Structure formats: structure tokens, C-alpha cells
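Worksheet: one structure, shown below.
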Amino acid sequence: MMDDGSFYYVERALEKKDLKVERVSTGIPKLDELIQGGLPKGSVTLVSGPPGSGKSIMCFHFIDAGLRNGERCLYISVDQKIENLLIHANAVGFDFVPAIEKKLLRLAHIDLEKSGAYHEMGEMVLTGDFDRIVLDSLSPFADTPIVLGRSVEFEKLPVVEKLSSYPSDSRPVVRYHVRRIFDFLYSSKATTLVTSELMNGTSGLSRDTVSEFLADGIILLDIDLVMGRRKLTIWKMRGTKHSFKPVDFSITERGIEIK
Amino acid sequence: MMDDGSFYYVERALEKKDLKVERVSTGIPKLDELIQGGLPKGSVTLVSGPPGSGKSIMCFHFIDAGLRNGERCLYISVDQKIENLLIHANAVGFDFVPAIEKKLLRLAHIDLEKSGAYHEMGEMVLTGDFDRIVLDSLSPFADTPIVLGRSVEFEKLPVVEKLSSYPSDSRPVVRYHVRRIFDFLYSSKATTLVTSELMNGTSGLSRDTVSEFLADGIILLDIDLVMGRRKLTIWKMRGTKHSFKPVDFSITERGIEIK
Amino acid sequence: MMDDGSFYYVERALEKKDLKVERVSTGIPKLDELIQGGLPKGSVTLVSGPPGSGKSIMCFHFIDAGLRNGERCLYISVDQKIENLLIHANAVGFDFVPAIEKKLLRLAHIDLEKSGAYHEMGEMVLTGDFDRIVLDSLSPFADTPIVLGRSVEFEKLPVVEKLSSYPSDSRPVVRYHVRRIFDFLYSSKATTLVTSELMNGTSGLSRDTVSEFLADGIILLDIDLVMGRRKLTIWKMRGTKHSFKPVDFSITERGIEIK
Amino acid sequence: MMDDGSFYYVERALEKKDLKVERVSTGIPKLDELIQGGLPKGSVTLVSGPPGSGKSIMCFHFIDAGLRNGERCLYISVDQKIENLLIHANAVGFDFVPAIEKKLLRLAHIDLEKSGAYHEMGEMVLTGDFDRIVLDSLSPFADTPIVLGRSVEFEKLPVVEKLSSYPSDSRPVVRYHVRRIFDFLYSSKATTLVTSELMNGTSGLSRDTVSEFLADGIILLDIDLVMGRRKLTIWKMRGTKHSFKPVDFSITERGIEIK
Amino acid sequence: MMDDGSFYYVERALEKKDLKVERVSTGIPKLDELIQGGLPKGSVTLVSGPPGSGKSIMCFHFIDAGLRNGERCLYISVDQKIENLLIHANAVGFDFVPAIEKKLLRLAHIDLEKSGAYHEMGEMVLTGDFDRIVLDSLSPFADTPIVLGRSVEFEKLPVVEKLSSYPSDSRPVVRYHVRRIFDFLYSSKATTLVTSELMNGTSGLSRDTVSEFLADGIILLDIDLVMGRRKLTIWKMRGTKHSFKPVDFSITERGIEIK
Amino acid sequence: MMDDGSFYYVERALEKKDLKVERVSTGIPKLDELIQGGLPKGSVTLVSGPPGSGKSIMCFHFIDAGLRNGERCLYISVDQKIENLLIHANAVGFDFVPAIEKKLLRLAHIDLEKSGAYHEMGEMVLTGDFDRIVLDSLSPFADTPIVLGRSVEFEKLPVVEKLSSYPSDSRPVVRYHVRRIFDFLYSSKATTLVTSELMNGTSGLSRDTVSEFLADGIILLDIDLVMGRRKLTIWKMRGTKHSFKPVDFSITERGIEIK
């Protein structure tokens, strides 16, 4: 009944997956210890923080840990150009050039103003057979207007035509974008980190205020200006026991070091 | 007089129901104690909280308690895919697979972008003869634009045509959605839990700021970062004596444990 | 001069009414003491509070006091269905069934999405010869879009056509709705309580931010979570000496009990 | 040069008026003492405060003081009906009926939804030869949409046609309304009090946030809930030395009593 | 290269002006001491403050100082009528009538609703050969909708046509207005004071939040209600050493007196 | 694969640049010490602060340091006219006239209302072979409406046509502008300072709330009114170890002096 409608029942899903949680290292041993050994395999975790808080660096560790295991990795950069990203990674101790040459790591800069961007990203994520994916960052997607009749749709959506008449920064459009991307990512077998801009001095756990509810985990990076130090908080991690206690960390030539 | 108009009088309602309040266990014994033995039978209770606060886990307890009594249960998931939901439930101690196979529990993922979603949900809730229903979560409904001329209407509504020209996140549209869903749920005989997103650092008791006035009860789950602990507050429970005092709880391999 | 225009002068009003204030009991003796014996007869008082603060229960006392005097009462419920309202009333000690059967109390649920709702409500209020009226609650009216050319107008209004092109939650539309309803109520001889939603954590004395200026009185019900207690404050009561000091109260099987 | 354009030069104004400030009693002796004997003659003073703060009662004193001197007075009520206003005045010690019968006081209720309202108000203010005018309150004007091509314009305005396409609660429309009314009032020889709604818990000195800059004086009435008392502050009074120190007052059967 | 485009290079500007800063007295000796002798000649300084803070009075001092030197002065009043302005000035010790009669001072009231207002103001500022100009106040300009095809444009602007479809209180329109006026003022040789409304209880240094970045200087007048005193702060003064320390002042029959 | 689409892969970028970070002096020796010797060569750094905080003066130091090395410099001024900028620079100790005459420094005022502005700026930045660029300030760009079909586009953009129907101060339009400008700047070999308006009393690190995420570095200039002093904070500097500790500075006849 209604399997071709808008409801999906569990009967057809049960055999697909085991219900046990496997762990995937974040590349930061002390962080792994805080979350029962690592991120749940196949999960999507939001890394949220203000500018300069170390979001990209946390992603570098995550990719680096995969590369050491010989896993296939994809790093999608939206705002930073690839040359700058490599310089930035190098300055905090990561040399990704060998892995790129060995085709283990794919480093891609996406231009959201090009009309095929969504489609290509979906195809790459779903067909690329990656073990780890980084999307750095999610926020520009939520600010992209929906273009009618072409390019943005990944699947046929009867509602799209209506959405386009709403202001592009209204919550329905933001939620549409964020859900679409999380759908890509959850359909992949990869474990994923997604960064999100957190405006300094505002509440919420992401700029879009929706992705924190869709993600399996949230790692919050923050800067305590008064104390002059950096803090990492595990805000949410489905299927994982964790503390809410912030831990201090610093950024050095070897990346993030939790104290 | 005016019975076919916009007013409904009590004369035709009196024989339908007894006025006594029956209690339904939440599946968490210490929570039942706080609300005179359980939720009022047939009521709709809002479970509100920020991301990672345990809203889904509270729903797992509620469903589990029904299944132990042999009650028919429906769990409607809007954002989480069913596979992920089962993994998540398993990690906190709930194995719903046997009940699904016995057809006691129906676990359904609803895709709000499909045009028949509202209609199918209404039909399932009203014809499915369920004792317990979970809607996890309400918030995406309030963000769904109203589509003209098809699919969204459950009954004929002369006003709908006008609503569609308002921005989809204006309060009239939000209230329209939330009322529509509460109408479904109140028309069913089932006792219901509805989860609602609560943005971190904002006031209000739900993201939509309307459902807290329509629900019979509100259970607020919160995270006190400073003290590093989780708190549960009974904010409202019609026909029930309760304290406003928050109680501490933790999330373990056996779900929510109130201290 | 100009009597048929937009100005109404006092000459034609002077003989209509005596200028003395008569008092009407709220049904809560200790509250009556705080306001010189009761509400001014014929006045409209706003009962404002967050969800679960006891607004409906205060209305139950008010209706109950009228019924004990043999007064004709009308209770208009907008969000709660009548069956649920009766269960709710019963749980806090009020049995309205006998009065309904004796036709002393009319309990009506209004469906704002029906096109004749405004008209029928106006007619009922003005022709029903009631001594006491409860409107529970006002807030959904302020969220109702104005429909052009039919149903909403109670009198011919040249401005309506223009209003309809404004967003339905702009203040002009809200003020239009609220004034319209207060006009009904002030035109009736009845003493009236009107409940208003107060969003948790916001300022203002009603959700619409207009009705507190139009009402003759404002009773604020609030929940002090830190102290775990309920508070009642008389914020405004025209023609009445009162303190602003909040009084504590509790909700029991006998309704509101002021300490 | 340019006298028929948009600039008005002082040459044609100099003989019209003496530059000395005359004082007009507020009807509250202790308030007069705070502002060098009274309001500047011909000035417009804003009386601003939350609901129930005593704005109308301050206006009653002002009118009463004029009537005692045999001055012609106009009281324009926008939200309160005249019957209710008289009951309200009577409860705080003012009996305006004799003055109305002697045609010294004109008490007018204006219905802003009637199309001629603006025009009639302008005509009455400018031709009525009043010494004192009360406009209670200004706020509903700022919420009135501008109707094209008729009724709202007092003079021919080339800009009106453009204004109408802006949302009616944008600041240009608000400022348009408020300026228009202040133009009426400043063109009259009368000394005027204008009340303004001040939403509880918001900043600003009027709901419209414009009139406080256009008025010659601002008297702020406030309620200090914590201390349970009423406060009056002279915020601004052009051409007048005054303190900003709030003074306590109470409302009794004889109106406002400053302590 | 590109001199007729949108860039203006310094080559053609160098001979026009010496780079030394000359000082112009504010008319308040103790204020001059705080800013190295006075305002930079030819600069535009914003005088910002809540209602009643003394903005116009500071302008009176500035004009008075110019008149004593025989300088040609222009005072443009937007909200206050000229008669009222003269009464106001007189009450704080300034008699401008002789200077008006000697044609040293031009006192002009501008009516922004007249279609030629912008054009006339520009012409007067640029052709009037003034040494000192006061614009009191800037804020109503930012609230004026842009009228298409006529009257508002001072020069031909290809962008204007597009601007008109934006809400008139969006920042692009505000910035357009404010820049246009600052362009007038900077093109004149005069030293200028511009007053700006500062809403009580809001942040920012002007109501428009743009002019504080365009002005060469900012003088903030404020009222400290708790301490019951007035404060003046030099917030910004290009090319001038100054302290941020607020100084107390009072308003007397001789205007502003800094303590 | 997909190299002509919306993705750019690292393969074609690797040979372009070395990954080592070179340092470029800010012209303020004590600031250089705080950031490992200077700004990363080729980076874009945001200088953010409220009005009067010294943003332009920091740019003067940066340009001056380049000129001393014989580097080609470009200073783009958006709000300040060139004559005023030179006067302002002179007052804090910088004489740029000789460098302008030697064609080492190009000082350009851009008029955003001219239709070719974007195009000319892009061309100048990309073809001018500059070592250092200052853009003072970025904020007016974010407030510029997008004009359809001409002038604003630097490259062909299929999305532009859609953007134009969004309000010009919505985040998609702001992000579009800011990204476009950062694209210019990152495509140049120059090291760049970009100033950004920071409204007094608001949170965020730029007025547009986007550029702080796109820039490589953020230097925050602030005014501590309570303590009466100026503070500089390095908020972010990619590839650079730095403290978050604010340092005090003053503005003298020799510009910024860090204590």
C-alpha cells in the first residue's frame, strides 16, 4: 500500500543494513576518545563555528585519517579555491599532493553559479564510491536561489515550481536546499563532515538553523575571546554517548591539538 | 441553528465521550509519576527541544510501551530515513524489528515534497486504527509552501486559494499547517507525541510558536551546557497536576534515564 | 454636523448609559477583592499568558459564576474542540453539562476557515442576549487572512479592498481584525473575557500587541520557572483601583486558587 | 525665489508670531511646576506609555484645566467609544457632561475605516477654533493603509501615488501619516496632547518611532512592576528647563496624583 | 584612462586643495578645545542623538559662531517649521532675526513631499556660496521613497530606474539617499553639521546606520536617565586627535553648557 | 571529467603555486610581530570596525610599507573622495603625493552608481600588475542592486537573471556581490586589505556577515568607550599562528601606534 506514494515503509529497508554502529576515526585521537572511538560509519556530522575557528582544519584531519587507511576521499570546497586550500592545509601540517596524484583524494572546487553544479555534485557523491566526504561549506547552498525549469533539480519535484516564487532566503527554500544535500550524503555509503558558518554573536548551531536537526552529529568549534582560547563541544552524536563538556584545543603547525 | 455553518455546538458532542481522563504510560516510569500516571488518553503532547536533546528517544519509549501492551502504533518520520531511525533506536536499546514484522508497529518515512503526502498521512492516521502515534517532527510541515489547487487540501477549504499568495513562512500559513495536522491527530482516537524543533538560544516552546498553544501537553527537553546536563520540564499538561520543576536525565544504552 | 461621516459625537450617546461602574464577579473571590469587587460590567478584559498558564481555567470560573446567578453565557472556543474543552473543564472541577442542557450556557467551537465565521459570530454575540461572553482565544483571528469580496465583512467597509493586498500578518491587518472583534464585543451588553496567546520569552502583553490597548482590563497569567510557581498580575483595569503586585496561585482539581 | 517650490523661507513668517513662550497648565499642578509653569502654548506634546499607564487620564486633566478657564476643547478618541470614555473619566473624578452640554467640550470618536476620516479631522482641527486638543491615540493612524485617489489626502500630494505601493507599516508610510497629523496640529493655534502606545518591553518613545522627533515635548508614563509603582518622566520639552528625574504618581478617584 | 568612466583618479584633484586641516569653531568653546580648535574646515559632521538631546541647539551655536564672523550661513529644517524653530532658538538664547534681515542667515524649511525638493536643495547648497550649512535632520530623507522619472534625480543616474522597485526602507535606497546628500555637502566649500535621529534604546550611531560611515565626524548627544544628566561624546573626527571620554553638559537659557 | 562544468579539480592547479607562505609587512611593526612577520602574500584580509575606528589609517600604513619597497599599489576608495582621503592621510602622517606622481600609487575613487563600475574595477585589479591593493570599503558593494542585462556582470552568469528579482539586501544578493569581489581579488597576485563597516552595537564581523568567511584574515578594530581606548584583535589569519588577545593602540600624527 502506498509504496509509490509519499510514504516509505520499513519493510523494504530491513535487509539493507545491519543495525550495529561502526566507528570511523576523525583523525584526532583525543576527539575519537570523546565519542566512543569515532564517528558512526555512514553518518553525517556538522562542524559548525565562526570564521577562523578551525572548521577546515578539522576536515583536513578527517581526510588525512582516511588517506592513511587507503580510503577514497572527496573534499568539496565551495568558497576557498583549491590552490589556497592546499596552502592552508600545508601551513597546518597536511600535504595532500601525493594522495591527489595517487587519485585517492579528489579535491574539487564547486562554483554554485554554474547551472549544472547541483547535478554534478549529486552524481559525483553517488557514483564516486567514496569512503569519506567533506563538504566545506554548506552555507552558500542555502543562499542559492532556486532556478526554475533547469539545473537545480536533482530529481523531478512537483513542488519546485511553487518554491521559486518565495524569497530565496525564506526558511522553506533553505530547508529545501539543506534537505536535498543531506539526501545526497545519506544516500552515499561515505562518512561525511559538513561545515557550517556560525555568525559571531548569534544563537543557533548553523547559519541555516535547519541542518543541525538533520545531521547525525554536531561538533561546535568556538573561540572564547575573553579567555583567549579555542573550545570544541560535542553537541549531538546519534547513537553515541558523549559529554557536553567543552574541551580546549589549539591550532599549531600540526593542526588541531586537543589539550 | 447554524450547525452547518462555521460553528459547532456541544449538543451533538455530549454523548460521544466520557469526561473522565484515562492515563497512558509514556514508557518512562519516573516521567509517568510526574504527570499523575501518564499522558491523558487521546491527547496530543508536544515534545520540544534543541538538536540532540533526545526527542526521538522519548518517542521510542512511548512506542515501546505501547508495543508491550499489544497496542497498534504508528511512527511517522519526516527527516530521518527509516534505516537510520532503526540504527538510532538500536543504539539506545530499542529493537523494533519484531514488532514491525508482527505488523504491530508501522514505521513510515514521509516525503513532504511528494504531492500526496498530506492526504496520505491524513488517511493513514484516520483509518489505521492506531492506539499510539508519533509524528517526528512537526517543524518541516510548517515550512512547506501551500500548493494551489491540489494535494495539500484534506477537506475543501474556501480560504486556501487566498492563503497561497502569502509568503510560506508567515504566521497564517504556519498556523494553517499546524492546525490541519492537529485536526488529524485530535480526530484520531490515538494518544500522540509530536516532536518540534527548538532552535538553540531562542525563546518560544516550538519553532512554529503556534503548536504549543494547540497541544494538550508540552514536554521540554533541554541541554544545560554550563552544568553539562540534560533537563526535562513538564511545561503544560491539560487536566493534570504537575510541577514545573525540571528533572535531570541522561541518555544511555537503555534510552532516557530520569535521575 | 458630520454625524453620518466618520465622527461620532457624544450628544447622541449621553442618555444611553449611566456613568457608574457596576461590578461583575470573576468567579474567583480573592481576585474580585483585588479589583474593587469584580470586573466593570460591560467591559472587555484580556486574559493573557503563555501556554499552560491557566487562561481557559480562568474563563471557566467566570462562566461558572454567571451560571450560578442564572445569567446567559456564551463560550466561544477557537482552537480547542468542545469535547476536549469539557474534559479539560471537568478535570479542574467544572461540570458544564447541566447548564448546556438548560440552555443557559452555549458552548461553540468556531472554525475560522469557514467563510461565514465572522458574520455568524457577530450575529450570535449581538442577538444572543448574553450576560457573559468568553472568546478563547483571540490570537487565531489576528492570523486570518482577509478574504476579498465576501464573508469577512460585518459592515460595508470601503477600506477592505485595499487591506487585502497587504501581508496578512502586518500590523494594519492585525489591528483591523482585533478592532472588528472588540467592536462586536463592546456593542454587546455582556461582560467579556478574551484570552490571548503570549509567546514564552517575548515582551508585549498579547501576541497581536494591539488588543492590550483596546481592552478595558488586562490580567496577566505567568509561570515563573525559576521559582516553580504561577503568578497573576492585574496590569490594567479601567475605572478600577488595583495594585500591580503579582499574586501567586495554583491550579488544582478546583481550578485556580489564589494564595 | 522658490517660494512656491518646496522651500519656505523665514521672511514671510517673521511677523506672524512673537518668539516668547507662553505657558498652558496641564491641569496637574505638580507637573506644571516641573516644566516652568506648563506646556508651551501652541506646542504639541506626546504622552507615551504602555497600556494602563494613565495616558487618557492625563488628557482628562488637561481638558479639565481648559474647561475651568472657559477654553474651547476638542477630545478626539480613536479606539475608545465615547460612552466608555465618559464612564472611564467619571471613575477617576471628571464629569465632562456639563461642558459638553455647554458646547465648550467636543468629544468625538473617529472611525479610521471611514473614507472621509482624515479630511474631517483636518477640517475640524483647523476650523473649530479650539484652545486645547487631545488626540487619543496617534498609533492607529500609523497603521492605516493609504488609499489611492481619494479620501486620505488632505492636500494634493504628488508623492502619494508612489507611497501606496509600499507596505503600510514601512517607515515611509508611518512617517507620512505622523507628519500629516502633526501638520494639522501645528497649523492650529491650540495646545495639544497626543497619546502614543508604547509596547511593553520595547525601546523607543512611541510605537511609530517617529512622533517623538516631531513633537515639542514628550511625557513618558511608565509602570515599574518590580517596585509596584507608576512613574512620570519629562523626556523632552522644547524651550523649557526640566529634569529627567522620574517622579512617582498614583491613580486615584481624583485622577493622577504626583507624590 | 577611464576618466570618464566610474573611476576618478587623483591626478586631476591634486592642485585643487591644500592638504592642511583648517579649524572652524563650533560656537561652544569647551567643545572646540576637545577637537584641536574646531571642526575641520569643509568637513561634514554628524550630530546624533535621541529626541530632546539638544541636536538643534548644537546647530544654533554653530550658526551663531558663523554669524559673529560675518560668514554666510544656511539652516535647512526638515521637520520643524521655521516659526517654531525661531521660538525654540530664542528660548535657549539665540536671536537669529537680525541676521535673517541682513541676509547673512538663510533659514529654510524643506517639504520633502514636494517633487522639486531634492533638486532645489542641491541647487541652493551648491550655488549659495555658504560658509556654514546645517541640515536638521537627515533622517526623513532616508525615509523618502524614490519617485521614478522625475524630481528626485540630481544628476542622470542609470541605476535609479532599478532602485525604484525596492522597498523604500531597504538599505540600498537608504544608502542612495544618504550618499546623494553627502555628495551635495562635500561638493560645497561649507563646513556642515547634519543631525540624525537616534532611536532611544537602539544601537548604531544614526537611524540610517550609513551616515556615520560617510561623515568626517560624529558627535553623539545622549541622555543618561539613571544619572539624570546629558552627555556629549566625540565618536569620530577625521584628522583630529580626540578623546572618547563623554563630557557632561546642560541646556540652559544660554544653550549648551559643557561642564 | 567535468572540467568545463561547475567543478574545478586540483590537477590543473598544482604546478601554479608553491605551497609555502611568504610574509608581507602591514607597515605596523608590532602588528607584524603578532602574525609571524606579516600578512600571507596574496591573501585577502578584512579590516573591520565601527566608524572612526581607524580602518583607513591601517590601510595607509599598508600602502606606505609597499611604497617604501617600490611596490605598485592600488587604493580604491568607495565612499571618501580622493581629496578628502589625501587630507585625512596627511593628518595622520602619510604624504602619498610623491608616490602618485611617480605612478607607484594609484588612488581611485569608484562611483558605484555608474554602470561600468564593476567591470572597470575588475579590469584594473586584474591587469594593473599591483603588489598591494586596498578596497575601502566593501560594504557599499553589498548594498548595490543588481542591474539586469548590463553593466554589473563581470562574466556571463546564467543565474544573474534570477537574482534580480530578489530584494537587493537579501543574503543571496549580498553573497553574490561579496564573492564576485573576492574572486577579483584572489585572481590577482596582490596582497589585499578590504575594509568593512561594523555597525556599533551589533554582532558579526562585517556588515555583510559573509565576507568574514571568505577572507583569509580578519583584523578587528574596536573602540572600548567605557575604558576610553582602542583595541585591535587578530580574529583569523589562515596559515598563521596568532593570539586572540586584543592589543591597545592609539591614533596619533604618525598613524596607528600599538602599545
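We call the chains A, B, C, D, E and F, going by the order they appear; numbering starts again at 1 in every chain.
What we mean here is this: a residue touches a chain if its C-beta (ideal position, glycine included) is under 8 Å from a C-beta of that chain, and two chains touch if they have at least 3 such contacts.
Here the structure is a predicted model, which means the values were calculated and not measured.
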Query - Common touching chains of chain F and chain D - result: E
Report summary line: Shared touching partners of chain A and chain B are none
Query raised in the report: Interface overlap for chain A and chain F, more than half of numbers shared or less than half: same or different?
Result: different
Requested in this report: For chain B and chain D, let me know how many angstrom lie between their CA-based centres, rounded off.
Outcome: 50
Report task. Report, in whole Å, the distance between the mean C-alpha point of chain D and the mean C-alpha point of chain E. Result -> 29
**Report entry** Junction residues of chain A - those touching two or more other chains
**Finding:** 167, 202
**Report entry** Residue ranges of chain E touching chain F (in the complex, touch as defined)
**Finding:** 2, 5-11, 13-14, 16-17, 19-21, 40, 157-159, 162-163, 166-167, 170-172, 175-176, 179, 186, 202-205, 209, 212-216, 218, 233, 235-241, 243-246
Query - Contact set on chain B toward chain A in their complex - result: 50-52, 79, 81-84, 86-88, 90-92, 95, 97, 100, 106-117, 120-121, 124, 137, 139-140, 143-145, 147-148, 167-169, 197, 199-202, 223, 225, 228-229, 251-253
